Amino acid sequence: MTEIEIGRGKRGRRAYSFDDIAVVPSRRTRDPEEVSVSWQIDAYHFDIPVMAAPMDSVVSPETATALGKLGALPVLDLEGLWTRYEDPTALLAEIAGLDPVLATPRMQEIYAEPIKPELITERLRQLREGGVTVAGALSPQRTQQHWKTVVDAGVDLFVIRGTTVSAEHVSGRAEPLNLKRFIYELDVPVIVGGAASYTAALHLMRTGAAGVLVGFGGGAAHTTRKALGIHAPMASAVADVAAARRDYLDESGGRYVHVIADGGVGTSGDIVKAVACGADAVMLGAALARATDAPGRGYHWGPEAHHSELPRGLRIELGTQASLEEILFGPGRQADGTTNLVGALRRAMATTGYSDVKEFQRVEVVVSPYLGQ
Amino acid sequence: MTEIEIGRGKRGRRAYSFDDIAVVPSRRTRDPEEVSVSWQIDAYHFDIPVMAAPMDSVVSPETATALGKLGALPVLDLEGLWTRYEDPTALLAEIAGLDPVLATPRMQEIYAEPIKPELITERLRQLREGGVTVAGALSPQRTQQHWKTVVDAGVDLFVIRGTTVSAEHVSGRAEPLNLKRFIYELDVPVIVGGAASYTAALHLMRTGAAGVLVGFGGGAAHTTRKALGIHAPMASAVADVAAARRDYLDESGGRYVHVIADGGVGTSGDIVKAVACGADAVMLGAALARATDAPGRGYHWGPEAHHSELPRGLRIELGTQASLEEILFGPGRQADGTTNLVGALRRAMATTGYSDVKEFQRVEVVVSPYLGQ
Amino acid sequence: MTEIEIGRGKRGRRAYSFDDIAVVPSRRTRDPEEVSVSWQIDAYHFDIPVMAAPMDSVVSPETATALGKLGALPVLDLEGLWTRYEDPTALLAEIAGLDPVLATPRMQEIYAEPIKPELITERLRQLREGGVTVAGALSPQRTQQHWKTVVDAGVDLFVIRGTTVSAEHVSGRAEPLNLKRFIYELDVPVIVGGAASYTAALHLMRTGAAGVLVGFGGGAAHTTRKALGIHAPMASAVADVAAARRDYLDESGGRYVHVIADGGVGTSGDIVKAVACGADAVMLGAALARATDAPGRGYHWGPEAHHSELPRGLRIELGTQASLEEILFGPGRQADGTTNLVGALRRAMATTGYSDVKEFQRVEVVVSPYLGQ
Amino acid sequence: MTEIEIGRGKRGRRAYSFDDIAVVPSRRTRDPEEVSVSWQIDAYHFDIPVMAAPMDSVVSPETATALGKLGALPVLDLEGLWTRYEDPTALLAEIAGLDPVLATPRMQEIYAEPIKPELITERLRQLREGGVTVAGALSPQRTQQHWKTVVDAGVDLFVIRGTTVSAEHVSGRAEPLNLKRFIYELDVPVIVGGAASYTAALHLMRTGAAGVLVGFGGGAAHTTRKALGIHAPMASAVADVAAARRDYLDESGGRYVHVIADGGVGTSGDIVKAVACGADAVMLGAALARATDAPGRGYHWGPEAHHSELPRGLRIELGTQASLEEILFGPGRQADGTTNLVGALRRAMATTGYSDVKEFQRVEVVVSPYLGQ
């Protein structure tokens, strides 16, 4: 690893975002139709390497069913509106209509309503009835409190997602979640993150996780950088965690932990680059929130948007663009990488001669910072 | 080659665009009048090292004649409007008048009309009657279907042009084009591309091509990067392919394959830099589409603009600026590198003391990223 | 240190600003509540590692009291309006209301009023009555003239602050301030700066200073660069001075000189990065001038703004945003790093698993230039 | 010299502009009043290291007198309006009033008027009468034709200035100017350029020149880069030529050739950086054309603006800002480096502890690209 001297007393690595890199074609080409983009994690098979982020603007019980049928893996936020309110439909409409100035305080109010265990049970039942792989997410802070409800209600995949999750959390207040024992005792595969470095990811892999989410703060990277000074450029983060996967594969004698890019994946080009850096799949938030049939109605927000003391993200107005199906499979209507995401991945793989996602992780990339339009 | 570590699991080269570099004068100077910018490929001699791109907004039978007389090598798109319609004049006017919102679907409709072999024959006849070197282009996908018509009609140079073309295309659906056998059996010199790397270009050279087009996706680089995550920074790509030319020259015992920069060549400065990086000639699209007498009437589009499922380029409004002759030979009216392209090349060569294009490939360059105005 | 060849006759180091770097989480996490951000310099303890800059738009006797109670260390400018006028309240209001075109000449006029020793005495008395640590600042040029008044009136910490301060000032006009002897003879701890390099800071440390301000020209970095060609990118400057602290600690057999980042610290993210590069505390100007209860009423200016011959800074309109308390401790209302500065620092430390400011100086950082939005 | 691989077939140096670098204070400080900024070339002494560019928007016989009295070295363009017209005052006013669209053709028309030898004689007489050092400039193309007139009329310093000037110009049309013999035979010291590299400058020094102008294309760098692909980043160019000066000093056994930065020197910060890279003086164009008493009346243009075939520069509207005296010596009214140029240089030298221009060439610089505002 090349370290740069920032000053005499400090060194740091040069890190790269997806915008800093690009894929280059360098060998054979292939028919897009002969490319496979399917993904399998544990016993579950998916036609496309896409998880839908556990955010109220992206996944509702209804869109979960739709996304599952389209081949993706939707994850319901078990700490969002759907487990706080019997029927949050009116609230979703209200949020979309809020004046920008008032959005943050009103959202803090709406999300102050307590989570109801019986609604967790009910929502997971709805997902199962929808006929798709059932996946729900909790934050590390609430996992101790609600995991039993979740497991009793039945999930296929359990997601623990925070801005940053470590294998070792230090707290004097409460017994922190012992991830290793928790995952060991749990009967369902766990996907956990964000992690943004080789070491953090390796430790998470050692807890027995089936997958690691790579990233920090999801789509709110810009504000996270301004507010916290923290930034995990995604190309470097994914490549680091992919190396941890490889090293852990050896160390564990063959356990393959999936690497899922979660953050900074806004366009089809970013999906291509995430895989090129070593991701097995991507977690999409804003890219899906742009759907006409997304619950956010053209708006997008994460848990940071209504954090009571330190709001770091905003309710962003994305507008609506196309149906979930068109966003994933086209036909493309815009040439900006926001529709036909899967078609674009397929074409990038075909153009560079690769036939499956795993193989495409080896594609050649160049560093060439993208300086605006 | 210096490789950069993007993260522990991935390395990539630093690659440079034309905007990242510049030519520096460092030795003698010379009179612009004593500089030769002529170019010869196979038996064909051209006064200027310029090919006109096979795009309906650039080359029609009429502008082909004009461009040929000005010393350039125009290439007619044999899959464009001129081989689909008896008289596409009204359609060209319609496209120029389309509302931006409706342009893509209407263009998809217009280009849905089948290609007619008899029109291929007719157009090539028109070119020959115009008294210029006859060059037509097919995509790799359609070459098998139409090449015989083309050859029977008679061409001087045959161009196979796609966003990326490899010597080895893998397809289970159809027998892919065996470029090597195809070129061997054909009686006319073939120019083929885009290729964006040393290896891809070397393989194309080994098929027997007379020239290799360097680039990926032509002028649509911005959207290609957003949509496909693919980008081939042109300064690096041309320099790589020029190295393949040198190595192939040795390997083949003396066969000189021409390197033609095709993409990212928007201003006279870019032409200068393309040659400085090793190009023998450049393929111009938008730069010529700006002509008052170009068929696009101030608009410009490539085959990507009407791809049925994944549109990656757009119909771009360029406006019109000057006649084809003024664009190539001045007098310059703007100081922005869009008129008197050949005069600028001549002056850059004179200022740095070089007397022909081949020699100018050795000019000194610096890396100095251009950050906006 | 890696030196870059600018040209054959000149070499220079690559230097980094806070925008060029970011902190990355890489190990355990921790509860924000269990993080300590306290700071101690000499005998004085502060709950937060924040000094308020000696500028009329930031510190008045009134806000000094408020800031002290919030745990910060406010420094009163002893050459500002409060020592020139009996009651500058009306003038502060006038400055805030000045037409931009007329602001500079009128401010030059207002600041032409002489400094009155009796007002120095009076202001320091007011600070002491406010019950906070008493700290006042003079420029190096005026220290000789006024220090006795200051010391007689009684201060806890004496600050000598200029755009750049060196241990050795050469002047033929007047006997320059011999910093070493001055500090030795003085009974109070001295904080001195700006210094922007290892050598300059080491020399200042050797004078006996208790703390060194790192920076050049404070917030006016942009105009300083344009006007003087001088720029001290802060990440590199802080890291350099932190190395001087470490080396001086060894050389002096254990004297720990505090490093205070003074300039370029505009957001909570910058505070995080300053500490990550080795700062013990930060000096805040504009960040606090944005307070509704700051004396600048939404405007901010430094001594450069009214320099009689070479104005390098401007009276900047910042607008008002939140109370001093909210700016420091939240609740955050904006997600842009301008409110809840201390909460953000706390969270960044917790997220990366560090428990105090000194330890957090070792956090991992990456170099990843921030290119606009 | 570090070379970068652009691609396998091409390497190039990384080159830096003034915007890429900055001066850093690192040792003692000094009183601005004790700094000397004087400059001596051959027998001529100047209070400030500033030449005024031979451009009609900057130097007229009248401003030459004024500038000379202010301590600068003004150079009259002997191919401009003043040697083409008996009284060009009305034409200068007309140019300032031209509609932007029509400016280029009308200026081409105005400058089509032939140069009159008797006016050269007359203008040089006027300069001499003004009591200042008499300096006039010709382009390399016209030097053969007019030098005798110039020398007979009497000049103190003879300037040969083109976009790029080489010691060896190749021409089949006419006997090119043999610079070495010309300078040897001439009785007056010659300043010649632009040169932008070590080699080019060294060759010019060997012709016997008293000074070398460093740069390419003056202020029109942006358009030169777009149109010709040529760019000589000034920090690197000046540092290279300064190294040639040092090497030539040794080779010649002690002849010191002055290095004058000519291009890219737009603000006082740029003057500081030019000297920091090794310049003995700077040639100012736009910086002086902004004067209320400059002949351009708020407009600025160079010979490129009316080149008959390849206009590369434009008539730029700069507006007017302050008198020549204020621009050079203040008081500063803007904080953007456009007024009090000499005061800023003085202050930068004082702040870093240097006492004369020659010594200041050794000041420490950092590389830190300036991105934005």
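Letters are used for the chains, namely A, B, C and D, taken in the order the chains are written, and counting of residues starts over at 1 for each.
Note that in this section a contact is a pair of C-beta atoms (placed from the backbone, for glycine too) under 8 Å apart; a residue touches a chain by one contact, two chains touch by 3 or more.
Small disclaimer: the values here were computed from a predicted structure and weren't measured.
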Chains touching both chain A and chain D: B, C
Taking each chain's C-alpha mean as its centre, the one farthest from chain A: D
Rotation angle superposing chain A onto its copy chain B by C-alpha atoms, nearest 5 degrees: 90
Interface residue identity across copies chain A, chain C - same or different by half: different
Distance from chain D to chain B - Cα centre to Cα centre, in angstrom: 40
Centroid spacing, where centroids are CA-atom means, of chain B and chain C in whole angstrom: 57
Per-residue multi-chain contacts in chain A, two or more chains: 14-16, 236, 371-372
Chain contact graph, described as a line, ring, star, complete graph or other shape: ring
All touching chain pairs, where touch follows the definition stated at the start: A-B, A-C, B-D, C-D
Footprint of chain D on chain C - complex, ascending: 4-10, 12-17, 104, 163-173, 196-197, 199-200, 203, 216, 220, 222-223, 225-233, 236, 304, 308-314, 369, 371-372
Chain A - residues contacting chain B, complex: 1-2, 14-16, 18, 21-31, 33-34, 198, 235-246, 267-273, 276-278, 330-337, 340, 343-344, 347-348, 351-353, 355, 364-368, 370-373
